[in-house]
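In the two complexes that follow, chain A is the common piece, with chain B as its partner first and chain C second.
Now for the complex of A and B:
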């Protein structure tokens, strides 16, 4: 099985202060001053793919078959793709050190940031080019995210699409067991065949870390740079990113009162008498 | 005479009341460790002897009662406030110890803007004090990474240092006076005066004692004008750590006092500056602050010094400013890091040392080479200099490793202590100090005699004089053969 995992490297938006956002709204690119991070949902997808491969290889080895047996799902090959600038290269090198079989970057410095249709075209074209069987990516990509890319990719490839995926396991029959968030709970299903899986709030949210030895071993491996034109996207198709029309700070702070400075028994009495009792009386 | 656990708890309840004596097992487990055994804490594995109780002292008088009781009955007491110590100083080395927690003593007693000093109880979080004085246009000047969660008592007890130390100094330069309670319940108040030469400076018996001599109940620290509008940020990339150390040395020797003066090696720089630094780049970062003229002159002086080194390439100051604004770790950052460690079993540790300018590079290089070649499963090893003086600087070794085929309770023995051992060996061999600001705790006690050499008897005498029954934080700072 050939798995393609798509990921996005974004500025660490949490490192920006309100004053910085005001400058962004005024047209200044404050995001160039902050560290780059993996989109957290993509990070889950990258780690889930590694765990899937580990499990399949372990099962194959345990069954006494060679890892590359050629049996469906007998091995998992991992490939990673990102669209962006060279600041994504350290992350691609990390993936090589972790055992991804190949990594690629489509150079496009912000050109496709607000162009989900084009982004999906690029990903779908690359998936076809690499004959991928399964495509994983996060179901959200951060500020400015349209939420459309996974579905547009699936539509382009003619594959099923499932979003909110939280878990991914190989089943004994060589299929995939999926868990995804559905309403207030979760649902499970068995997947056979190709699909686009958009990873949501997975329990697995952190990518493992390669050792220095792992990095040394893969230092000579290259990052495949794939031009937009090679994927059928031409410069004239890349309309200048939708401009930022405006920014509004959403105040998500919860209203609250801090009670402190007194013994716990007194605090508990204050909480009960002054805050909870009135609520109980009115309910 | 050893008391039973139940007798200890009953005795403490009689002294302070039941509501101040916590015996909940989960609380006791957390109180038996500090960040030295953070992996065990994250995985809910606790290997230290469980204390008998955590006592929440509400006043100096209550601290007196507890220490008197403990001294009378030979009970080990571990003083604790914010709990952010990193070297095992807060571990309970003996069964049925008493953790004496001062975090309820959280009142800001006085802010004196004329004499430029603030007096607080030991349990005041530094961030709380800092926020309060900033409202008055002042700053404490003390900004360790743990500022959002650390308390003043612990910061003084560990002889801590902050990110702006090159300008404001370490905690030892900031403390004006204090109050502490010694074993047996004796209270000492050291008054708030600018300087005195009435014998040795006894504040230094308390500052850095890590709870092995006394319990700090009150602290007075200096205040400084807060003038962030004059902050200037400078940053440079370069290829050589040797060059970087020489730049820092010249900045200090020429009398400039930027509040921040840091040199990152490529490994450590990669964690912070990969958005503008190449993988093999070192990074120099400076911040000048203070009155407008001073800040401008400091920045200009640094620029002139760095300009003499052709390999140093300037970067936009805003890059350094943005990095600087995100240096401190609050509870949410700690929680996020703990989750990362839990999922990946990749642990981040730090060990800081100091040495003269002529020795620091060799110590850094030798220690790093040994860490990378002798320790398995290393995922990153590097470091930075962050506190410079006219005669030398510190080195903050920063390293990550995967914990492989090893239960959480064995991580310290398999990875952390061997790395500490390498760093301490190389530092002592190079004539440096094995601990710059995290404190000895229990982790570095094996090297304390070599650290002090012929002066160790002076340290030993302090323990024998101030804690003759050896009840104060056994195993911290002083080897077991010192404690009678």
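Now for the complex of A and C:
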């Protein structure tokens, strides 16, 4: 089984101050000086894929059960793809050290940040080129936060898409069992074919850390740079796709009255007497 | 501009889709002052669709004529399915559950036959999937999670949250059809839900898709051996009178457990921010915010959370927001009605002690 995991590296938005956001809204790229993080949902997807590979290999090594059962998941090949700038390269190197078989980056430098249609075209084209059987990615990612990309990719590939995926496991027989959010509950089922799996609030939320030895062993492995044009996306498409008409800051301020200068017990009493009790008594 | 509101009545969140669409369309009615015309004709004249999420001024739009398409299960009750519709004019399309491919195919046919300019979908994954797939199949334009729109004769400008909620963006959509899904804030944007004072629904067409699959196992096309898992309910967070929410500032799992115990002694519900759940300090079903629940508690006490927008979205409807934080520069301090600069766990334990002292009996 060829598994493609797509991920996004974003600035750590929490590191920006309100004044920075005003400058971002005005068109200045204040985020370029902020350290980079993996999109949280993508991070879960990357780790879930590693665990799936480990489990399938373990099952296969166990008693050759996976091979004997004829299940197609006998071997898992992991490939990671990101669209972005050089700041994603350290993350790609980490994935190589963790055992991803191949990693690729489409240099786009933010051009597709608010273009889910084009992002999906790029991912779908790469999935076809690499003959991937299964595609994992986060439910949504910044800065656009559209949540559209998994469904658009699935539509392009003619695949089903299951979103809100929280768990991905190989059974002892090598079959792939997945759990996903459905309404207020969850459902678990056996996957029967190619699909896009959009990962949501998975308990597995942190990517493992490679050893120094693993890093050294994979230091020479390269990142495959794939140009947009190679995937059928041209610069004029990028320009035409931008529907972004403007950004604005959001004012969420309330009264912001600060109670201070007294012992914590007194402050708690003031909070209860002056704010909470009157509100709850008037219900 | 002609609009078709689409509800997947086979999905478990169909009531939420219906409520959001009703709120969105009726917000336009009320703003326009054309309510009587709208409810009688089954046509909504939307002169101003404003953001109920932020309660700010509306934006002008030209006339919007809306009807509803409800996808209902093959065995669903006809009248019950139609009552999901936020307009009087209803198209009913019967389809097996999970068959989004059939749903999108049918919507694409409507577009090809000269259908509406605007396809309007509810919030959540169903709305996003239908809007996205339809735009892909028809070559239309799409925007998801919409807070408000400005409709013109040949295009639409929509606002939505971006940068994890730190900013809002305006997107101009021009490629037909315009496919729009709503922000989840529209689910509870108005007290009234569903049809409100609308006339009895008039089903003017009924179609059946995939009838050959009647009786077959109803599962997503790509899976088998489906089992339903018992899920912990987060309804106590949604319906709480008083809610305590703890962030990473609680320090560690022990701090979270102390805060949860204090909240229980106060008679308050207890939730956490996403990073707390990701650290494994609390279950995922306790998350408050965009990736969890949205509450309308009368009082929400936030301890040790910075107030990131994705979290704040979950509490912004609270009547009173109290922040307890060691950092007086944390955004949550200015986003609260009242704040205490101090250790959140200690303060909540003190509040619990006082509440217990005052409890009758």
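The definition used in the following text is that the second predicted complex is superposed on the first by the 227 of 283 C-alpha atoms of A that agree within 3 Å, B and C clash if a C-alpha of one lies under 4 Å from a C-alpha of the other, contacts with A are read in each partner's own complex, and residues count from 1 in each chain.
In this section, a contact is a pair of C-beta atoms (placed from the backbone, for glycine too) under 8 Å apart; a residue touches a chain by one contact, two chains touch by 3 or more.
Keep in mind that this is a model prediction, so the values were computed, not measured.
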Comparing the two partners chain B and chain C, which touches a greater set of residues in chain A: C
Chain B versus chain C as contact partner of A:119, first or second or both or neither: neither
Touched partner set for A:147, first chain B, second chain C, both or neither: second
Touching partner for A:259 - first (chain B), second (chain C), both, neither: second
Partner chain in contact with A:132 - chain B first, chain C second, else both or neither: neither
Partner chain in contact with A:205 - chain B first, chain C second, else both or neither: both
Partner chain in contact with A:82 - chain B first, chain C second, else both or neither: neither
Chain B versus chain C as contact partner of A:36, first or second or both or neither: first
Touched partner set for A:94, first chain B, second chain C, both or neither: neither
Touching partner for A:271 - first (chain B), second (chain C), both, neither: second
Overlapping contact positions on chain A, where the chain C interface meets the chain B interface: 16, 205-206, 260, 264-265
Interfacial residue positions of chain C with respect to chain A in the complex: 11-13, 54, 104, 125, 128-129, 131-133, 135-137, 141-145, 157, 160-174, 219-231, 233-234, 241-242, 274, 277-278, 280, 284, 287, 291-292, 298-299, 306, 308-309, 312, 316, 319-322, 328, 331, 333-343, 346-347, 350-351, 354-355
Contacting residues of chain B [partner chain A, same complex]: 19-20, 58, 106-107, 270, 272-275, 279, 316, 318-319, 321-323, 325-326, 339-340, 343-344, 346, 372, 377-381, 400, 402
In the complex, chain A residues that touch chain B: 15-17, 20, 30, 32-36, 87, 90, 204-212, 260-261, 263-265
Chain A residues touching chain C - in the complex, by the definition given at the top: 13-14, 16, 18, 21, 24-25, 40, 114, 116-117, 120, 142-148, 151-152, 154-156, 159-164, 166, 178-179, 182-195, 200-201, 203, 205-206, 243-250, 252-260, 264-265, 267-269, 271-272, 275-276, 279-280, 283
